[in-house]
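Labels run A, B, C and D following the written order; every chain starts at residue 1.
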Amino acid sequence: MKAGVIGATGYGGAELLRILQSHPQFKIESVYSSSQQGKSIIEHYPHLTDVVPLTLEEIDPAAIAKKTDIVFLATPSGISTEIAPALLKEGCTVIDLSGDFRLKNIHDYEKWYRKTPAPQEWVDKAVYAMPELNRSDIKDTKFISNPGCYPTATLLGLAPIVQNGLIEESSIIIDAKSGVSGAGQTASFHTIYNELNENFKIYKVNAHQHIPEIEQMLSGWGYESPISFNTHLVPMTRGIMTTIYASLKSNVSQEELIKVYNEFYKEEPFIRVRKNGNFPATKEVYGSNYCDMGIGVDTRTGRVTIVSVIDNLMKGAAGQAVQNANILCGFDETAGLHFTPVYP
Amino acid sequence: MKAGVIGATGYGGAELLRILQSHPQFKIESVYSSSQQGKSIIEHYPHLTDVVPLTLEEIDPAAIAKKTDIVFLATPSGISTEIAPALLKEGCTVIDLSGDFRLKNIHDYEKWYRKTPAPQEWVDKAVYAMPELNRSDIKDTKFISNPGCYPTATLLGLAPIVQNGLIEESSIIIDAKSGVSGAGQTASFHTIYNELNENFKIYKVNAHQHIPEIEQMLSGWGYESPISFNTHLVPMTRGIMTTIYASLKSNVSQEELIKVYNEFYKEEPFIRVRKNGNFPATKEVYGSNYCDMGIGVDTRTGRVTIVSVIDNLMKGAAGQAVQNANILCGFDETAGLHFTPVYP
Amino acid sequence: MKAGVIGATGYGGAELLRILQSHPQFKIESVYSSSQQGKSIIEHYPHLTDVVPLTLEEIDPAAIAKKTDIVFLATPSGISTEIAPALLKEGCTVIDLSGDFRLKNIHDYEKWYRKTPAPQEWVDKAVYAMPELNRSDIKDTKFISNPGCYPTATLLGLAPIVQNGLIEESSIIIDAKSGVSGAGQTASFHTIYNELNENFKIYKVNAHQHIPEIEQMLSGWGYESPISFNTHLVPMTRGIMTTIYASLKSNVSQEELIKVYNEFYKEEPFIRVRKNGNFPATKEVYGSNYCDMGIGVDTRTGRVTIVSVIDNLMKGAAGQAVQNANILCGFDETAGLHFTPVYP
Amino acid sequence: MKAGVIGATGYGGAELLRILQSHPQFKIESVYSSSQQGKSIIEHYPHLTDVVPLTLEEIDPAAIAKKTDIVFLATPSGISTEIAPALLKEGCTVIDLSGDFRLKNIHDYEKWYRKTPAPQEWVDKAVYAMPELNRSDIKDTKFISNPGCYPTATLLGLAPIVQNGLIEESSIIIDAKSGVSGAGQTASFHTIYNELNENFKIYKVNAHQHIPEIEQMLSGWGYESPISFNTHLVPMTRGIMTTIYASLKSNVSQEELIKVYNEFYKEEPFIRVRKNGNFPATKEVYGSNYCDMGIGVDTRTGRVTIVSVIDNLMKGAAGQAVQNANILCGFDETAGLHFTPVYP
């Protein structure tokens, strides 16, 4: 199946190319960039020498639709809004990695992203797709809205306790930490090496645009209260950890809760629930599509501590996008995603 | 005044030497080590070449007392228990940086440290000393128990809202992050570079020995419920950030809360409360004795987000120790502590 | 083909498992450890959860020979000496990643490694195997001595100019830099995070044990003079760069020299010679088996500057070991080695 | 003495402020920026809160001259050319940290910097000032051209062997490595965190603008041949190491050579020559004005290996600038520069 990658010079795009080039079903047909068309992708990314010998092309939806069967949109928020509908009209299958079609309430988009939302009709068409949580929705669509990195780690961590009604309303606090690649390639005083190395920062305090995305899903599970959610930058490139706190409705032991998680995810190839007393570190999923989880119960406070880690560029972006594409296309869900974490 | 440093080859010891060698009142008279006596300290720490040209001596309390007026104990927990009483009996003033004399309930020590506690009588004699919070206790003692790194950042962050009765019982959650120097020089599989670089880890989930230390102080302020407290390792050497969540009893705006903090700390030379909308990063206090704070109020959830950062080796250890020693000796509290953060 | 990995808990062992678990021809039959036998490998390496569900076994050559066809020895120098001959006698094919069988002059081993050398007869049997440089020697052996990490980057960088007789005797200076994973898992004051982070060190000045390994190969090409070779530790986990200086015998332009390299390596799947003016960075080969090279000619001094980068755990260890095993077994040389560099 | 800092928002500027704010003789009177005038410096650098409570002012030489006695120009190359002469005409003493007045042959400047050089007359007036090497030139000037970071580490490393005529012509090769702060605050794809973290790069191969600066000084000592000089970026913020290779004219033992260095620098407060067998790491001078050196002699090749480390922002920029200012003003040369390295 012929695949195109739009926004191929971004980090999400690069990670899609890393996955797709060894995928048994998808073939990278063409790559697109809004600013570097005409250049070989190798000029921007020498690491792809001999691996992806393609020239970056202009983003022309009609031309793209002729060449490709499926298009991955690794474009920033605000750009997918313009491109996705055009591609869909041309008959392409579209996997959008941006935030543009995730929030079903377009006023939320306007409020949290501070940008003009996509038209409601197109937002309605997009299927927000997290395989472990709504796999059945994914099969019958041609338009996937791929979840955000933080929501992926957070919702996978919360689903078992929220869907099983184990936690109190208004008790969820998520303290999230991310490597810097989540910030992409934007060059500013705030993203240069010297400002981030040997430094630990909090950003967008109580204001991150992933908050409504998480709450939208929680609401679908019957948890209606707002969450506390904060994000921090860790001096490393890849990896997200969310440390999740919530109050248990009744006494559940740590061992029992781990059983709940194991049961919930027993069929899932990319979820690894750790044994009692063991908690994952971000590097243990580096470069892979895994989401690893550790479960703690604090009997002193009656709270759970759920630790969920992903590689933000894989399960948090490109990996999950390919997982979704596999499902949508009827391939083995794990096709092309058998990456062992690169450790150390 | 003649100062001795016991445990001089540890990182806390090295930081004490960095401070004391340019202190206007203290003179480093001698340095002690339990394992490297007889060696020049420069063999262990070449960065001290020409700065601290001393030979490490054996830890003999009687001999130490003859040579020095004040002794800094930068020894691990379990060791100070044995040394501090002997030094005090010999007439030395003692500043202990370990955890051995912090917990007034010695059963708590036994439970959380899993070691034999110091005798109750000596624990009773030690003054737990955080200048901004109990300065008056410090002046009339010869035996200081210097606070832990996490408790320092946490309690300075919590004091204004807890002492002013602004937050709900059972609502405090502290998500703490530390650079690796907090782990000291212990060499094991878990502390080598390859295991920590480009990695983010949680450790001692709901079980860190600083929990009872924080709760002991909170209890003194009338907040009696247990806290949720978790600690993470950041791939950097220095710096602690605590992200503190708590529920406000009533509506307070972010601006009003910042005023509360400014008022609370208005006379404090080492506390810097940030302006509305600004939050500190760990590097902004690197190598200095400052504790910087940012204050957030989330009107959606009714919770505060207090961000408190310190250099764990300075305000979290050696810097605060010298600050305490200055008070105890009647010197200017900031003497020898005018370090501008090293940035970038 | 059934493969065993001895020393599976080391970093070289872990990397072999990452490669072999997705290799089309080799199957990981069993894993061995001298210190952790009886434990699941996942206890040591949680990142291998669900990937390598094996228990570490005792190192018993007879038992190993029964179970496996080929054995990878990812053991430290001094240990392979004892194990390899026993395995060979039992009929196993052996790929040894240690330094024990690389130096054909066992007095050199004694001098540079300061250990007892392996018996001369077994050293003689081992084929020192760097596919790009002596592929034909590899096919007819059952005993491979896999090259060192620094020699791999260095010799691949030097081969075209030395074999073509382009450089002056006594002119080679190699300034080498490595990530810390080359030091393995040895836990000491010198390998802990705090000592290496935000630090750049030189080590084993003029005394690294890879010097005679490089000189042995150069000598075979007719370059008989000693080299200057120094090694530095870079605060990162993976990656080696060697910056090589040598004096040109006659005027050759940079463009001409790049042609020499392109011609020399034109059939090589894992060598990527960069275009004029472009030089590789270590991350551009991260997690892959590539060796990337940049070629500079300094007309002011008449010297070349050859920059050669590898991932020390891949082309510098496990990747090259599998490449050698592929050749030896008659498989496609690139089988199981199609790793795109993980970037960023 | 009233000091002004122009370019105060750069890293060199920030480091000057860190030094000057605790200097016994200089008082920071005013700070200047070409782009952020009118803003408090704390908006750009929160770490200076309470330390440097000044507003950035416009760069107006006449106004600056009225307010200040001495001006530090921490401006980029190409900017000092314009500002320095104007300030000097107004009677200010000027310490210029840029490269604009270092090369006495202005054609070299044009060739290596690819910018328009300063007028020859002003270049002639500037004293290139490295105290350990030409202290006597510094006392009688009002215009200092502060050396580059790499030339400082390199020339201090080379001076004893070159001035003593110990090494062969055409034999010097300098392999230099720097932390990223040397690149300043320029925000581009090449300076963002993700591109530099866990990466090691070579840059400006054989083309760095510090080459003629080093050669100019060497030529003054009678060493006339061109040098090989390459620069690499280390994933850390601060620190430079130069690894210097050169051929000895005759047999000198390592011990004898160390004596030569000790003799050469015996009166120097900021040079620390290491003992036999010991080599410095960059972190051992972090935040200080020291230049530490290790001396190796390789009897196999007849070459020396000189390892010289500095903090590029201190001895490589701001620290040396203040050292020069101290000499020029007749103060104790070490005034305000007693910084113990921040370790770890």
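Keep this in mind: a residue touches a chain if its C-beta (ideal position, glycine included) is under 8 Å from a C-beta of that chain, and two chains touch if they have at least 3 such contacts.
Predicted model, so just to flag it, every value in this text is computed and none were measured.
Ranked by distance of CA centroids from chain A, the top chain is D.
Across A-C and B-C, it is A-C that has more C-beta pairs touching.
Between the CA-based centres of chain C and chain D the separation comes to 38 Å, rounded to the whole angstrom.
Note: centroid distance chain B to chain C, computed from Cα atoms, is 45 Å. Centres computed as Cα averages put chain A at a distance of 36 Å from chain C. Contact with two or more other chains is made by residues 11, 181, 194-195, 197-198, 235-238, 283, 286, 344 of chain D.
Within the complex, the chain C residues that touch chain D are 170, 173, 175, 177, 179, 194-195, 197-203, 205-206, 225-228, 230, 232, 234-239, 241, 243, 245, 279, 281-283, 286, 294, 296, 298, 300-301, 303, 305, 307, 309, 344.
Per the touch definition, chain B reaches chain C in the complex via residues 11, 180-181, 183, 185-189, 191-198, 235-237. Contact residues of chain D toward chain B in the complex are 11, 14, 17-18, 21-22, 45-51, 181, 197-198, 237-238, 269, 272, 274, 278, 280, 283-288, 292, 338, 340-344.
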